[in-house]
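Labels A, B, C, D, E, F, G, H, I and J are assigned to the chains in the order they are written; within every chain, residues are numbered from 1.
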Amino acid sequence: MSDTTLLETFPNPKPERDYLIEHSFPEFTSVCPKTGQPDFATVIITYVAEETCLELKGLKLYLNAYRNEGVFYEKVTNLILDDLAAACSPRWMRVVTRWGPRGGFSSVITAVTGSAPAGAP
Amino acid sequence: MSDTTLLETFPNPKPERDYLIEHSFPEFTSVCPKTGQPDFATVIITYVAEETCLELKGLKLYLNAYRNEGVFYEKVTNLILDDLAAACSPRWMRVVTRWGPRGGFSSVITAVTGSAPAGAP
Amino acid sequence: MSDTTLLETFPNPKPERDYLIEHSFPEFTSVCPKTGQPDFATVIITYVAEETCLELKGLKLYLNAYRNEGVFYEKVTNLILDDLAAACSPRWMRVVTRWGPRGGFSSVITAVTGSAPAGAP
Amino acid sequence: MSDTTLLETFPNPKPERDYLIEHSFPEFTSVCPKTGQPDFATVIITYVAEETCLELKGLKLYLNAYRNEGVFYEKVTNLILDDLAAACSPRWMRVVTRWGPRGGFSSVITAVTGSAPAGAP
Amino acid sequence: MSDTTLLETFPNPKPERDYLIEHSFPEFTSVCPKTGQPDFATVIITYVAEETCLELKGLKLYLNAYRNEGVFYEKVTNLILDDLAAACSPRWMRVVTRWGPRGGFSSVITAVTGSAPAGAP
Amino acid sequence: MSDTTLLETFPNPKPERDYLIEHSFPEFTSVCPKTGQPDFATVIITYVAEETCLELKGLKLYLNAYRNEGVFYEKVTNLILDDLAAACSPRWMRVVTRWGPRGGFSSVITAVTGSAPAGAP
Amino acid sequence: MSDTTLLETFPNPKPERDYLIEHSFPEFTSVCPKTGQPDFATVIITYVAEETCLELKGLKLYLNAYRNEGVFYEKVTNLILDDLAAACSPRWMRVVTRWGPRGGFSSVITAVTGSAPAGAP
Amino acid sequence: MSDTTLLETFPNPKPERDYLIEHSFPEFTSVCPKTGQPDFATVIITYVAEETCLELKGLKLYLNAYRNEGVFYEKVTNLILDDLAAACSPRWMRVVTRWGPRGGFSSVITAVTGSAPAGAP
Amino acid sequence: MSDTTLLETFPNPKPERDYLIEHSFPEFTSVCPKTGQPDFATVIITYVAEETCLELKGLKLYLNAYRNEGVFYEKVTNLILDDLAAACSPRWMRVVTRWGPRGGFSSVITAVTGSAPAGAP
Amino acid sequence: MSDTTLLETFPNPKPERDYLIEHSFPEFTSVCPKTGQPDFATVIITYVAEETCLELKGLKLYLNAYRNEGVFYEKVTNLILDDLAAACSPRWMRVVTRWGPRGGFSSVITAVTGSAPAGAP
């Protein structure tokens, strides 16, 4: 379902320092596997890079590729985390997805990999 | 009073990871047992799943079943937590209820079960 | 469906002046006639009284009586306006209902009777 | 009930110009004549002065004198307008009272005397 | 491109009164015809019904049908207005589309048909 | 000055769990002992109950009894905490008072008794 | 009291068009003539220039010159309007002063000279 | 200074209707001709097209071309309006520039050409 | 430069408890020693009293005494902390100054003395 | 690329105390090295000074010098931190850059050097 070949990286310009990189993407959309109705989310990716950083153009193509895919909230959040972590091998990474209201519920899924850096907000 | 048979679960798609699931429901209503007047609350459920996750459709039916029940703030918050925890056996779960103003007071009840995951907000 | 016998009035303390009275009620709830699911709205009633004003306690009982009634947005808004206007014969009255999101839509219905007072906001 | 002897005025420094003076007072409190419970409001007074302006110290004493008086929303708003207009004979005056939630309702009463100045907000 | 057969109507419950119906839909998405990149908008539909009202379920299907269509902001706004007006023959209708930032620009398109009702906000 | 006989309690429905109860009351008023001018505050009471919970009706009467009492910010905050803690013997309790601007200053007093529960916000 | 020699102007770059110029200055301070206590205001100047525009550096010096002057709200607002209008002879000018809370009151004074341009906000 | 050759247009898809097009651009920057310091503004362009609409890519290049130009607030606002109006001959056009604080002042310049459409916000 | 004789204290009404007292003062102004231009700040004083508390009237006179003094941000923040701590010998004290924009920068200086109380926000 | 000769310092007025200095600069702009398009950011610099503090005028010149430089988000954030830390040898320093939306992404980069002071927010 997810196309990790779209992801690209570039060398971390400051690998000797643990610093935080955060990209918020308010335009994620996928499809509910049950109802076929579109879902909408803001995806927030935060990480401490090891040797490579995620390039934004590829990250956008990767996220846009879910547009017509049927995925559940919990699964897609973990899938994005696994794919991005596999692509850039970060020291630490967190993916948060904030979903628009469905049936009265607004949902937020938060998944983390690696050990949290000191001072991570 | 509470009907736990309405709750349904599905398998946790990533049981090997501690990740946070949060569902906010701004449309909870019950009835004051003393005055018979309706009460209104936002219910915020946050948890780390073990083997199963809460299905949203059943969760909505469960919460809507309180519509004409007489319950106190403190009791219903703990009851929802106990029922949801019994239904999905989470590693950790928190239920917060934020009640609209009554007699000048705005109330918030927060109940937790299990040990907080590292990095829980 | 609507129970106008619950409404009560009291004499307008300043009938010689056109002045605006506004009551906002964020706790209106009814039931969708199609799906049986509860709907939630803020009801905003604004009027210029003629000889009588609406008493708040009765107004609350009247609005709460819709709690388990099946009504459409458009119909109930006009019905509330008709009932309240019949109860207090205002010089001008407006009823606005702001409904929580359903299927992605947030709706607002605005109905007016009588001629707008100069300077009405 | 209302003590207009507390009000004081000073000469309008620019009587040849129609200009707007607005004083907002978020600390008005009176008592519900029915329940004996305290009510709280923000009072917003806006006017175009003729020959005299309202002095703030006396205005505060006048508004504070309602602290333990039993008054209805609609009556007290018109009473304040009448008293203040009598005290300073403005070309135009508006009194708005915004009341904290009572029984679920938040109310706003708006009373005006005189003809609105061009460009009044 | 636009599929008006998805739209459904129901009889206006109060045709003898000019009243405003507004539906906001924050989950519209289409595709830029030039770049192939997805666009996102909030669509706000406001109208005064003549004999029929727009049914929300069909309206959602109609709007969702643009998901993979290539359309320009200006064109799609007028197209939605024309389609909806054709479907329910309103006395007055306005369609506003608010688009997320693209190349630094946030755009809003507002198209109207019919003569504005008195007191339209 | 403070009338603790107005306070009432009810049995804690879940004494085996440490959970947080919070009541915010934006309508506290007392009198400055120096100037005789009224003071206004929001009082926020947060606690973990032991065997009994505070009943809201009595809590309101207790807080309203300060209406015409002359008290300083620092003293009344500690007094409320002492009275409420004496009435319900909580495992932990915090009282925060947020005062409206006086002479340019906006003040907040925060007093706590008992040991903070794990996860107290 | 007011030092108009500090004001400077520059030629209106587009005198053939009626367009609006607005400068907001949140850092105005003067002294209460009664109590000697400092007062603070935001001053908002809006105008349609005739032949000259107000230069900002001089305008700042002019407004700062009130720092230790004792002036009443109503008087200083009209004085600023008169001084600025005398300095640049605008087709239309409005001065609004928004004062920080004093004795519970927050005040706004609005004075205008000239005839309002079509489309003035 | 301004390079109108960068502007491009496309045919108005609905010339038979007066509808509003608005583009907000929060990333305008130019240089103060006096101090050489950079200035920052949000530019809001609103218009009713005649036969052609402004293409966004060219509009961005046009606005970005001011990056290192020395221009005064009043002049550049009128210049942008003149250039854009010349490029697409709109029935009505308004340009608003909102400038970040300089020397304590936040400024807004609003220039209009053509006759305002009915219902223009 | 700073006049500590203006400060007054009163006995701490609850010295046996560590509780937080916070006073926010949005009307601090001083003068830039370099340019002679006025600076504006909000000063937030938070402390745990030992035997005495700061009296607000004297605190205001003390802060107002900086009105025409030339001081740098960093220096005046530490000076206020030293003066206030000398006046009331608190167990812990923090002074925060939030300065309005100057040359594009908005600055905040935070200085602390004593050991932070458990539960200090 | 970065011109550290523009930076100036002054002696820390209170070197014996660890206190926080924060300067927010919402007007940073540079150029994307790939597309040549301008980027915009708010830069927030927070530090605990050792012997010298950063002078604001030089800091502004330093940040403005990036105006026409092509730099990536991650690199420029670390570069600013390295340059500022080299200039004033702080005990602790953090640089945060918050970038306006590009291709749908809003990015924040956070880099720190030195050991965090107790009580750093």
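In this section, contacts are C-beta pairs under 8 Å (C-beta built on N, C-alpha and C of every residue); 3 or more make two chains touch, one makes a residue touch a chain.
Quantities reported herein were computed from a predicted structural model and do not represent experimental measurements.
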| item | value |
| --- | --- |
| Where subunit F and subunit I overlap in contact partners, by chain label | G |
| Candidate from I-J, H-I or D-F with the same interface as F-I, over half of contact pairs in common | I-J |
| More contacts between chains, D-F or H-I | D-F |
| Rounded Å distance, subunit G centre to subunit I centre (Cα mean) | 32 |
| Centre distance in Å when subunit C and subunit D are each reduced to the mean of their C-alpha atoms | 27 |
| Contacts with two or more other chains, residues of subunit C listed in rising order | 26-27, 100, 104 |
| Subunit F to subunit I touching residues, read off their complex | 72-75, 77-78, 102-113, 116 |
| Interface residues, subunit H side, partner subunit J - complex | 26-27, 29, 37-38, 40, 64, 67-68, 100 |
| Residues of subunit I defined as touching subunit H within the complex | 100-101, 104 |
| Residue numbers on subunit B that touch subunit A, as the complex places them | 10, 12-14, 17, 19-27, 49, 53, 56-57, 59-60, 118-119, 121 |
